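Here chain A shows up in two complexes: once beside chain B, once beside chain C.
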Partner chain A sequence: MMRLKCASAMPLVLGALISGGAASVQAADLEFYFPVGVNAPAVATIEELTNKWAAQNPQHTVKAVYAGNYEETTTKALTAAQAGDPPQVAVLLSIDLFTLVEEDVILPISDIATTAEDQAWMDGFYPAFMSDSRFEGKTYSIPFQRSTPVLYFNKDAFRAAGLDPETPPKTWDEMIEMGKKLVVKDDNGNVTQWGTRIPTLGLGGAWLFGGLVVSKGDVLSTETGTEARFDTPATTAALEFLVQLSDEGVMQPGGISWGDTPKAFLEGQTASMWTSTGNLAFINENAEFDWGVGFLPGGDGPGAPLGGGNFYIFKETTDEEREAALDFIKFMTAPENAARWSIATGYVAPRPDTWETPEMKAYSEKLPQALVALDQLPYAYREFATFQRAKVTQYLVDAIESVVTGGSTAAEALAKAQEGADSVLSDYK
Partner chain B sequence: MNKRLPLGLGFVLLVMPCSLLVAFTHYPAVRALINSLWNNASSRRPSKFVGIENYEALIADEKLMQVLTNSGLYALGTIPLAIFLSISMALLVNSKLPATGLMRLSFFMPTMLPLVAVANIWLFFYAPGIGLASQIMNFFGLPTINFLGSTETSLASMMVVAVWKEAGLFMIFYLAALQAVPENLKDAARLEGAGPVRVFIDVVFPLLRPTTIFVAVNALINAFRLVDHIIVMTKGGPDNSSALLLYYIYEVTFRQRDFAYGATLTVLMVAILGVLAAFQFWVLDRKTHYQ
Partner chain C sequence: MTKGLNRIFMTTLAFVLAGLWGLPFLYSVWTAFHEEKYSANFKWNAPITFENFAQAWNAAPFALYFLNTLILITIVIIANFILCTLVAYAFVRYKFRWAGLAFGLVMVQLLISPEILIVENYLTLSSIGLTDTIIGIALPYLNSAFGIFLLRQTFMTVPKSLDEAAQIEGAGAWRVLWNVYVPLAKPVYLAYGLVSISFHWNNFLWPLIVTNSPEVRPVTVGLSVFATVESGVEWSLVNAATLMTTAPLIIAFLIFQRQFVANFMRAGIK
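So, the complex of A and B:
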C-alpha cells in the first residue's frame, strides 16, 4: 500500500490549518503502524487521514500499515524494532509505555517537541489522557484514540420494567435492585433478557475491573510501574460485587466475553452493558431501540478506567523522520482530523479544542451519548500498567476468571495474584 | 544409462534441502535449547547464564501443570473421536447409498476452511443467548449454556471444533483405504457366515490399521499443533481451562515476551512429541500388517 503523494490541489484550506505543516524541507518516508480495536470503519478513516497528510506534505510519504488488534500491533512493532527496522511512528496502547521503555525502542516525544509552541500543544490535551503518557518526568506518547467504558442501557427495556428511562443506575446497589426488575424469563423459566452484562473474561474484563476498583477509592497500579495493588479491600469488594450480580440473577453466571457483549445488547439479551465508548458508532448504527448512556455505576462514587492508544515515535529514526513524524502526529490530533476520527469511531477526542469544532458540536447534538464519556473523565484513572504488564495482568485476569467461574473465592484468588505480581515486579524495585 | 552422480553435483543438490532443514528446523531447535539456559534479558536486566533455573521454574509452574492436563485431555478426547467419526463417515460415503458425492463434499468441507474463519463461525455458534446452539436449546426449553465462559465446558467446546475440523480430512484417507480392501476377502468371510459387523471387525478394520496409525499420528500432531481456534475463541480462558501447551508457549513468548521461558517450554514440547512419536512408530508399527 505505498502511498504516492498526489499533486491534487484540493487540501489548500486544510493545509492552512496545520501549523508548520510543511516545516521540514528534508524528505522522509514514514511507516505508520496502527491497530483497530472497535467495530467501525477505522481502516478507511485512517487511510483517508494519512492520504490527506501526504497530500499536504508532498516532500514526505507515509505508509499506513494496519497491524491487527492492539496486541498484535505491539508485537509486530517490537519484533520489527528488534530486527532493526521499526516503524517510525505507531499507535500502541498507552499502557505499553513500560514495555516499550524496557525494550528501549521509543523516544520521548518531549525530547523532539522542544519549542514553546510544542509545549503549548502538549499542554492542550486533557490531563487525564496525558497522565499515562509520562514516565520519569518525560512525555513519551501523545493521546490519539482514547476511550473509557460507559454504561449503555436499553431505554425501552427500562420502560417495560416500569423504570425511569432517564435515570440509569448510579451505584452498585442500584444496579442490583434495578437489574432484578429488568430480568425477563420465558415460560420455561429460562432468562431471555438479563439485567446487565459486565464482561469479565480476558483483558477486557481486567480493564473494566480497574473501573470497579477506582470507584471504591483505590487504584490497581501507580505511575512508578513497579507496583501492583491486587489484594486490597477495594479489589475484594469489586470482585465480590461481580459474583453478587450473578448470584442475585441479574447477570448471566460464568465468564462473560468482551466480544459478544455489544451483540447481546443489540439482540435484547441484556438490558444494559458495560463497554467502551469505542462502540458508540456501532451501537448507534445498529440499535433498533431507544438507548442511553450513563456513567459506570460505582461502589462509593463514580469511577472508570481510561484506555486506548497513543502515538509513539521510535528511537531508530533519523532527525528528518522524527520531525516528519511529529508533524504527522500534530496533524492527526489537529481539531478537524481528531473530530473526523472521533465521529467515525466513537473514541473520545483527546483535546478540548476538538470538541469546539462545528463538526463535533453537531455530532454531540445529534448523539448526546458521546458527551457522557467526556463528563466522566474527571472520575477516570489510568489503566493498569506496570513493567512486564502482560505477565502481571495475566495474574489479575486469572484471579477474576477463577472467581466468576466459581473456581475460588475472591480473597484466595487475589492473594495468589498479588504473590505472582510481586515476584515479577521485585526485579524492578 | 546408470551413471553415478558426480560427488560435486550430489553435494550441490543436497545443499538446498539441507539448508532449509537446518535454517528452519535444526537451528531453531538448538537455539531454543540454548535460550532455555539463559535469562530473559532486556535493557533493564542484563543477560546472564542461569543454567537449569528455567527448568526449575517449569517444575514449580502450577499453570503448566494445568496446561499439560488440558493438552492430555484434549488429545485423549479428540483423537479417538476423530478416528471413530472419520471411519463412520468413510463407511457411509463408501456405501451404495444415494447422494454419496454430496455427502463426501459436505463432510470434507470443514477441512477446506481456514481454522481462523472456522473459529469465528463457532464463536457465533457458541455465543450464549444469541448463538445457534442457544437457540436450538431454547427451542427445546433447555437453559442456555455459557459454553466458552465456564471452566467445565470450554475445553470440550474446543475439542468439538477440532474434531469437526479434522474428521473430514481423515475420512478421505479411510475412504481410500476402504476402496483398497479386496472384495474377495469380504466375500470369503460372508461365505463363512459372518455378518456385516463381524466382517468389519475381523476383516476390514485390521486392513485399515496402517491408515489408523497414520491418522492417529496426524491427529496427535494436530492436537499439539493447532491452537488457532483457542487464540480466536477463548485465549485459553476462562481461568486457563482451555489453554493448551502450544497456546501457552505463544502466550509466554509473544504476549509476555519471556523468550527464555518460552524456549524452555518449547524444549519440553519437543521432548513430549518425540517420545510420543517414538512410541507410535515403534510399538504400534510392530503389530500392523502392511499388505
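So, the complex of A and C:
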C-alpha cells in the first residue's frame, strides 16, 4: 500500500528503482558521513534528502552524520574504519581514492552494481567526473558534489576599460593584453583595480595550476596514481605565465590566497578572478555590479581542473548494507535530488539528465552563468591525485609558492618538486 | 623624572599592546553586527543588523550543543580536580619507591600531542562501546598531566610545618589535604580551571571524530559548519557564530574578572 503510494507520486525512473530495490532488499541501517565545503544550508539539504530516502524505504534507516570539512571527514572515516566500525557510505574527496585504496577500506562500486541497468546508470555521468573515480579498471566512487573553476569577470569594469563585456579573454595572451587595459591606478600611481587574480597559494593554487597545465596539453597525474608530472614543458610554461602576469603589472605581485579572492572581486580590487563554481551563489548574492562567467583562459586551448567529492561504499559491510547503500547513492544522484542539491549549493550536477529537469532549467535561466562550467567540462581533467597525495601535492605547492613569491625560477623549483615526488612515489611503482 | 617617563612609556606600551590584542575582537564584533558587504568597508553609519546571529543560530542546533558542552566541561573539570589533586598529593606527601620515575612518566605525557592518540583512543572507546557519548568524549581527558604538575608544584610550596601542625592536632591524611593543601592552592585551581575550560570549550577534532549524533556534539562542531573554504568565507556569519559560541566564556570572564585578577596577584604567578 505504502509502496504503491510512493511509486505513483514519483517519476518513473525513481519508482522503478525503489520497487526494484524493495523486492529483494532486507533491512539495513546505514550511516552516511558527509563533509560541508560550502555555505551552511548544505547540512539541512542533505538531511532533507536522506529523510526523503528513508521515508521511501521504510525497511531501512539512514543516519546522516556531518563530519567537518573534507579532510576531517576522511580522518573520521579512516579512524572509524580502523576500529572496525566504518560508515557504510560516505562522501569524500574524489582524489582521496588512492589513500582509501591503500588503506584497503573501500569497495569498488562496480563490484556491487553489476546488472546491465547499473552499468547504464554509471555510464550516465559526465565522463569527466567519472575519470577520477576509476582505478585499475574498476569504478570505486560515484560523483556527487563536484566543482570546477571558471573565470569570473566584472562587466562594468570591462565597459569602463573600453572592452566588450560579452567577450572575456580566452587565451593567456588575451589575458595579459586585456588585463593591462583593466588596471586602474589612482593619482599617486597605486593600483586600485588589478586586471585579474589567480590564487597561487596553498592547495587552491595547486588546483588551479592543474588547469593551466591541462590547457597546455599535458596532465599533472595519471590514472595509475604513481606518476607525478611536475617537471614538463607544460608546467614550466604555466608557472612562467603566472610570473608574467605580475611582471606585466596585470596581477598583484607575490602570493595570492584563495580565501580572499572572492572578496577582492566583490570589492572591485580586481576586474576578474579564477575561482570555483562553488562561489556562484555567493557572488550572485553580493555583487553590486554586472558580472559574467567564462572559460578559464588557456595556453593552447581551454583547460580546467575538476574537484569535489564522490560517494564511496566501505568494505566492512554486509550484503544488505551494500545493496541499500547503492540504492541510496542512486537516489541521491537521481535527477530531482541532484537538482535540489546543485541549486542549494552551486555544485555542478554530475549527470546530463539532471540538467533536463524543470527545476534545473528554471535555475539556469535565472543564473545562466551556471551553464558555463557545464560547457567547459569536456576540456576539464581530473585533479592532481597520487598515492601519498598530501605529501606529494605539498612539493607542488611549495614549488609554485617559491616562484610566485620571487625566490626561485620555474625550472629550478619544478625540478626540485619532481625529485621530491619521485622519491615518495618510487615505493608504489 | 625618569620614573615619570618610565611610567608614561609603560602605559603607552600597555595601551598599544591592548589595542593590538583587541583589534581582531573588535573586527569580529563589527562584522557580526553588519551586513557582509561592510565586512572590509568601515562606514560609521553602516546599518546595524542582527540578521547574522539569527542565521547562525538556525544553521545548527546550538541550544543542544551548548548544553552538551556544559555537561562535557562539568564532567572534565570535576574529574580533573579530584584526580589531579589526589595524584599530586601522593607525589608530595608520600615517599615511595619509583616516585621520581612515576612522576617522570607523568611528565612525558605532556610531550605527546593528543591528536596522535586519536586512533588508539577511538579503538579503546569503540571496544567498550562508548563512542558517540559525552562520557566518551571526556574519558581521555579525565586526568591531566599538566594539572598534576601544576598542583604538585603548588603543594610543594606549602610549609611542612603547617602539615605537621595539623597532624599534631589529630588531622588524618584526608583532613590535611582538605583543610591545609586545597585552600592554599585555591588560586591555582582557579587558574587551571580557566585554562582547562577554554581548552575543552575549543576542542573540536576529537569530539567530531568520536560522535555521530547531534545529541552529544559540542558547540565547536556547530561552529565548523561556517568554515566554508570552498565557496569563500562569509565573515559576518562566521563572526556572528563565533561571538555567539564564545559569549558564555567572555561573559563569565567579565563577571569574575575582579576575582581572577585578585587571585592571580595573591598567587604571585610569575
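Structure notes:
By definition in this document, the second predicted complex is superposed on the first by the 402 of 429 C-alpha atoms of A that agree within 3 Å, B and C clash if a C-alpha of one lies under 4 Å from a C-alpha of the other, contacts with A are read in each partner's own complex, and residues count from 1 in each chain.
We take it that a contact is a pair of C-beta atoms (placed from the backbone, for glycine too) under 8 Å apart; a residue touches a chain by one contact, two chains touch by 3 or more.
Predicted model, so just to flag it, every value in this text is computed and none were measured.
Touch criterion met: A:263 reaches chain B and chain C at once. In the superposition on chain A, A:368 makes contact with neither chain B nor chain C. Of the two partner chains placed around the shared chain by superposition, chain B is the only one that A:390 touches, whereas chain C remains out of contact.
When both complexes are overlaid on chain A, the residue A:352 reaches neither chain B nor chain C. In the superposition on chain A, A:37 makes contact with chain C only, not with chain B.
Once the two complexes are overlaid on the shared chain, A:75 sits against chain B and chain C alike. In the superposition on chain A, A:301 contacts neither chain B nor chain C. By the touch criterion defined above, A:279 lies against chain C but remains apart from chain B after alignment on the C-alpha atoms of chain A.
When the two complexes are superposed on chain A, the residues of chain A that touch both chain B and chain C are 75, 259, 263, 267. Within the complex, the chain A residues that touch chain B are 71, 75, 78, 99, 102-104, 186, 188, 190-192, 194, 201-202, 252-257, 259-260, 263-264, 267, 269, 387-388, 390-391, 394, 397-398, 401-402, 404-407, 427-428.
Chain A meets chain C in the complex at residues 31, 36-44, 63, 65-69, 72, 75-76, 79-80, 82-85, 147, 258-259, 261-263, 266-267, 275-276, 278-279, 281-282, 286, 288, 346. Against chain A, the residues of chain B that register as touching in their complex are 42-45, 63, 123, 127-130, 138, 141-144, 146, 148-151, 235, 237-241, 251, 254-258. Interface residues of chain C facing chain A in the complex, by the touch rule stated above, are 36-37, 39-41, 55, 59-60, 118-119, 122-123, 126-127, 131, 204-205, 208-209, 212-213, 221, 224-234, 237.
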